[in-house]
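Shared between the two complexes below is subunit A, which pairs with subunit B and subunit C, respectively.
For the complex of A and B:
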């Protein structure tokens, strides 16, 4: 009936980055088989090259008109490009920080890199999803890679347990997402998000079905983001996984999840905003409270950062709740800077681990200032930024989000968020206190490869520079969402 | 030009970061070289700026470097306003700072915190430059607080000494009071002008001249309130009575910073700020009178305290307070350019006096008590001659730069008719005698008369405090041994003294014509015609030399001479009179010794009072209400919540899945029942 009789060849140019990453992932998989253990550096190099190539391919397309191709399943637009660049950069840093960690633990295997690349591909597909089908495809590709990565240190019982939990709960969430998709498909008759967007508005009256579908979708998405009460997996996975994988899980996938939220809820189901807005408010309020309050009680730093992530997710949701262009760009700014900060802080946690003895508890950071004033300073910057202290980027991110919801009249929500982030400042500052004022039993200096040092230093400086000059990145976010 | 301005500001910052964060790695020599080159570069570029804007007469620069954020139509930005006032300030700041940097090499050479010290003073230079180059209130406030922070860090530089920590805390707390007013003043400007930009505010200010606001039922002039609030900030930073108490104690810091921060630059930030805000202050005669009275009290009464001090640095500190009072008086009579002029000459000769005092302290192996000095003239000839130049400039001896600035202030006060000017004239004219008396008392006690240091170490136990001054260079005193002969300081110390002595003599006569009576501050400082006291002086001004000759006939000169003579008579000719007078004037001496009781009052009322209030609040509010009810109550609640949550976060997979299902059911129920 409606199926076009002529075959429209897909626009391969817009999909070049995805095709490139996929081919390279396959190539790395094959090449790695022929490499000896001590040559694993080649795999690492190839991965970084892949990300660099993808970055260049994406940048070439940046600024051109939005293209929709593959029969409306794939979209390439400014928002997608910006988020993809964020993903490449984050994952490149993750891989860099992981290398020495994996070598030190004897789990430096090629599969890690292949899975990481496939995860990147999954995220890219999520970001560029123009239909429920591609959205689900990308999500599953990412999730399956993550399950495997979490279980990467397979002889470690904790890792396997974390992976198992993540897998089962992830399957449950995927099921709910699919169920929600089916309900929306049932009411609108299409999987294409742009068609859904048109139909959703027409079918507003009467039927509960679209609203129920939205609820299932929100649950599925909230699970990926880690919003309360669908956050249970997060602390366990953060703690159980090898730290380098925690770094992976905690960083770029949040960008992809943000993109998915934008694509499905805002672009696809914008007509049902009144429904999902209320739900997101509940999730956001709960996330900010649970994240900030429970983090105080944590002694394990990875668990603490897990709860910190949960509270940040609450803030990202606030921007989307505002439902204005300002709010969306503020949320995007927040997500990007959150990822940058998380990568940096986990990077330092990885580096601060002594050979054979990992940083597990906050107390393990004792006397970091004596061991390395530079790293302690960087961690100070990261913690202050996450806490939202002025002149660092975290302050501006929070400020922009709060401004957006104040502008739509939700002053109460803004006050609530501010009060709880003051509560949250406590546990970030505790890390600072431990680093600077508690004495370490030993003062083994931190050894790190030169490239790692440079990148982590640059990361810290960028946080300061962005805090002083946020308008640059903010401008990119605003123009990306127009 | 924008690049030049950016470099002026950033070079000291770069030096501070390099010496501060990487000080251990790069070592002592590199730390001082890098900071000196940074500040030196800044100084050279400041000269370029001075040349462009002042000598070549290029138009003022007012531009934004970048916008930090926008909210509700208010731009928060970093920008530079460079006009003749700024050009003069940055030149003076970078010059004095450069001299102090060089001097520090000699003064701090045995200190463990060498790199840290260089990092701090470079950071200070950066902050001070940000303050004076600002074109908006936000950046002004940033610079204001940043110089404050560095000042606290430096007062407490020897953080193992309890007195230093006490002084540091005191400076911090007193400045909070001032900054509170300052912040309220800025807030009031933001509220009524809806802008933080100088140009916008000054432009719109005349429209608000008659605006009143109601506070607590009464009607108050907006401009008066705003200006007084801003001036309270200046009172804290520029140490005006009653917020002056922190400055004498700040002498706990190393001497180079006493010269740089607590004499030449930071403490004059308040004067600079009021001069910069002249378009606002001119709109309120009430505020000007307030400024005038505060300034005159400071000028006279703080000078009197200088007479009874025995610590060489404290004499100079009280003299700084008194001179700041003179500048404030000038502001009060709308002679802003005279205030800024005195600020400039004072920066040179006071930095000189402090650094000379520091040189004496090095020469005496960290002895600061003047009663144990005397006759140093032959041992330290360069320090002696430069101190003499500094003292002559300070007392306003005709021909020296201090004469020009101080005499113009006195003349301006005489010509002014605003309420309070009668008292102010009395204060500044008596102040001249007092200044001359304490300056030369110090000069004679240190450089002339009997050598009291040879045999002064026997009964030293009483001066355990003085011992502590050497404590920071553990072993230093022991190496040299007590009772060693004083010696002249090394070249890194004496060269800055000479370099500062030159402008202390000449700068006043060279610049008075254009700065006070010429067009130097045209378009920068605004004076309402009815307040213009300096215009009256300009009619009688016929060049610097005739001004100096005329000065010899004036009352101030003879008062100064009388002061010098009295000091000589009492402390040189008949040293026994000193003790005699002290006994005769027992009660007055007591009052001066106790510094009019400001410290005692603060200690009793504010420190102890707030401690008592604190402990009362602690017992009732904290222990009873907050701890008992809120904290323990909420701790119990949180404990309960946590225990419940712990059950949920059990680690069991089915619990997690259950939570998700409950969450989903919650959402679904909400949709259905909505």
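For the complex of A and C:
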């Protein structure tokens, strides 16, 4: 066989962030055991420190050349670094918004933080996967943490139900993915994505096996992303999970899933692009339509945002469908800004809950402008950004993706996407309507910790600033994918 | 020295930042918020004046240009500049915002700071639309305008405000997304988003037709032209007075402006090919909507329909050019049509704004917009009646008021195109006079209709000032329109010369 059997010591420097997060997760697990419930703040602080440390470690390596190590299983490159930074920031915010929520519901336990950190590690591994094996390992580490997190409020029947659904469907998706991997392995004889990339083109003619493998892989990935018609789990999980977990599920994992798509389909199976491009077009077209149309009928705000997520997944896929560097960076820009917006909007949903009465339905947000003009304004910014109205960053995300697909001549697809985003605008407007035009029966002011207020305010302002001057982030995305 | 200052940027961002400042003052300090908003609006108007005084009316070139890279990845530039089309509209915007701030002074009591901030931000965005020379920048301003107007109608509007504002938002949003695709397409053809570059871009007939239709979708909704006008009566009726004023005076003009800035110069061949479509839509607006206005019971609805009819005149004037070129080949006739349309836009900005303010003055006192709830207002409010009659006459196109100039030029040039177009267009003078004067008769004159009218107080100083300012503007423009015509003339001639050359 062509694989040399000599031992090459791995390059530990490029894996430092992963090693750090793993050790800290273990440390937090141990330390937390000795803490009383009132001292849980220490666990929280340690988690934030972990994320900060990982951020620094990643930034140190940023800008250096791509390294592939661990016998071709692990890759550290600019795209991975940018996405990891996005993951750290998103999860840091998630944990911050979660804290008060968990305390208020009496489920402020250390396991939440440990699972969150392990999930982060899973995402990091996914982002840096250079072979099917690491990709799968990362995915499972993330998924298992998420299953447990969804069921975190274990006495709540709805949570358990959501976790069950998520677990069963997630396991099915993993099965599909593994099946696809095995077929690709069967044709190319390697798990290493770069070897696969070389072999995929050679074995293209005649055999149906690679195409079938791609089909299974796409199905598995579509499950994880929540693209139609593999989206059934998503609304149920969003609605059933505790809001802080919904926030987790809806944010950073999308970045990891995007990375997985890039690694497996673009980098690994780029030679079979004509096969997966067709499938992605179908997925994207369906996701944009189903997501936007069904969201209109939702009264539960978490469910509505779930369908909105589905439609955004469709947009992210559009960028990948374009199949150009522009398209990939547009999709990455879209994913990053989507995560930023989602974290903010769920953050406000958490904050706007009155003590003992969570925001479940869109109606529960009514009169938010009377309760707190500032938070209502922030939510307005988030909703308008997701709807794609300028001067907010969501507009440029849509714009960049549309530009990429018009550039490759898919004008019809672009028209289709913009028409449905008009349909989508309706349900974001409804949230604004409820906040601004309807009156609340009471005007309980919103109580939040100072740090939460600052972060959520900064989040909203960033959306505006990026909307006024998107060049910086866009430049990062473009240079990361060159 | 003046030319070195980035005046256009100032005029755009001063009200937007001022609006943010007003927001921070907060609804609790409503007095301070009002004062600050007035200062910002007046300052913006003052800053915009040099655009007129230092404007070179002998050239069609862009002036006061500012060019910075904005999103280099997509070659989108922050490119501002004005010519004879945009300069009057920018001044109109700055002027009307001052009026609107005064109009809402003590009338609006709920969330004062948010109300004023929305109008100031709206002002900056609208000026941005007029001043953009980069298509993406234009589009961004164009779309961003939706948010403040959505909130203005939705928060401070009437009982059916939610329906009206969502309808307004979705109609305009839907219209504009096609334009986005058209702009992207042209970007890939020309390699930049420069509007002036698009003007010179060679496009085949089939491309032109699709792009033209995309523009028509965007701008016809905004104007609004029949049959996509149905959002306007709803929005106007439900909007607060200030919202109606801005909607009628400025945002409708953005649709008309879009035609002369984009649709005509970028796709002249498609426009020539499909001019019958726009002419038909305009004539239907002029005649049919005029008839619809006649039967309205609600004052605001009546004025809203009258706006649609008058804007039909604007689009008529813009698209007469092809008929004139075909039948007589006279460039002067074509110039006259476009000039008439432009003057009609500016004049309608003043008149429709004034009419809505008049209704607002009555509504604040009686809280009804129904015509039947009034009658004999002249007996209790003589000063107000004088203003309303003046604006009513201007609305029906009486010579000596600004309403006459534009309509006269358009009808004159339509004679060079075809007798029947001229005949139908001239009908508007009769219809316009009929519905406006009948409205005046029923509301202002006659015996005192009921006890509400008997208790009416005449206009106070604030209301007098804002109506007087508008009355002066209407009269000056009517008696001496030459400055406005001169300022626009080179730009209009340049446009006509550009349009009559095929791009295929």
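Note that the second predicted complex is superposed on the first by the 478 of 482 C-alpha atoms of A that agree within 3 Å, B and C clash if a C-alpha of one lies under 4 Å from a C-alpha of the other, contacts with A are read in each partner's own complex, and residues count from 1 in each chain.
Basically, contacts are C-beta pairs under 8 Å (C-beta built on N, C-alpha and C of every residue); 3 or more make two chains touch, one makes a residue touch a chain.
Remember, predicted model here, so these are calculated numbers, not experimental data.
In the superposition on chain A, A:275 makes contact with subunit B only, not with subunit C. Of the two partner chains, subunit B is the only one touched by A:172; subunit C is not. By the touch criterion defined above, A:215 reaches subunit B but does not reach subunit C.
Within the superposed three-chain model, A:293 lies in touch with subunit B and out of touch with subunit C [touch as defined at top].
In the superposition on chain A, contact is made by A:436 with subunit C only, not with subunit B.
By the document's definition of touching, of the two partners only subunit C reaches A:415; subunit B does not. By the touch criterion stated above, A:164 is placed in contact with subunit B alone, subunit C being left untouched. Of the two partner chains, neither subunit B nor subunit C is touched by A:450.
By the touch criterion defined above, A:232 reaches subunit B but does not reach subunit C.
According to the touch criterion, the shared surface of subunit A, contacted by subunit B in one complex and subunit C in the other, consists of residues 373, 377, 396, 399, 403, 469-471. Per the touch definition, subunit C reaches subunit A in the complex via residues 23, 26-27, 70-74, 111, 114, 136, 139-141, 143-144, 146-147, 150-151, 154-155, 161-162, 165-166, 169-170, 173-174, 177-178, 180-181, 184-185, 187-188.
On the subunit A side of its complex with subunit C, the touching residues are 369, 373, 377, 380, 384, 389-391, 395-396, 399-400, 402-403, 406-407, 411, 414-415, 418-419, 421-422, 425-426, 429-430, 432-433, 436-437, 469-471, 474-475, 478. Subunit A meets subunit B in the complex at residues 164-165, 168-169, 172-173, 176, 208, 211-212, 215-216, 218-219, 222-223, 229-230, 232-233, 235-236, 275, 278-279, 282, 290, 293-294, 297, 373-374, 377, 396, 399, 403, 468-471. Of all the residues in subunit B, the ones that touch subunit A in their complex are 21, 66-69, 71, 638, 641-642, 645, 648-649, 651, 653, 655-657, 659-660, 662-664, 666-668, 670-672.
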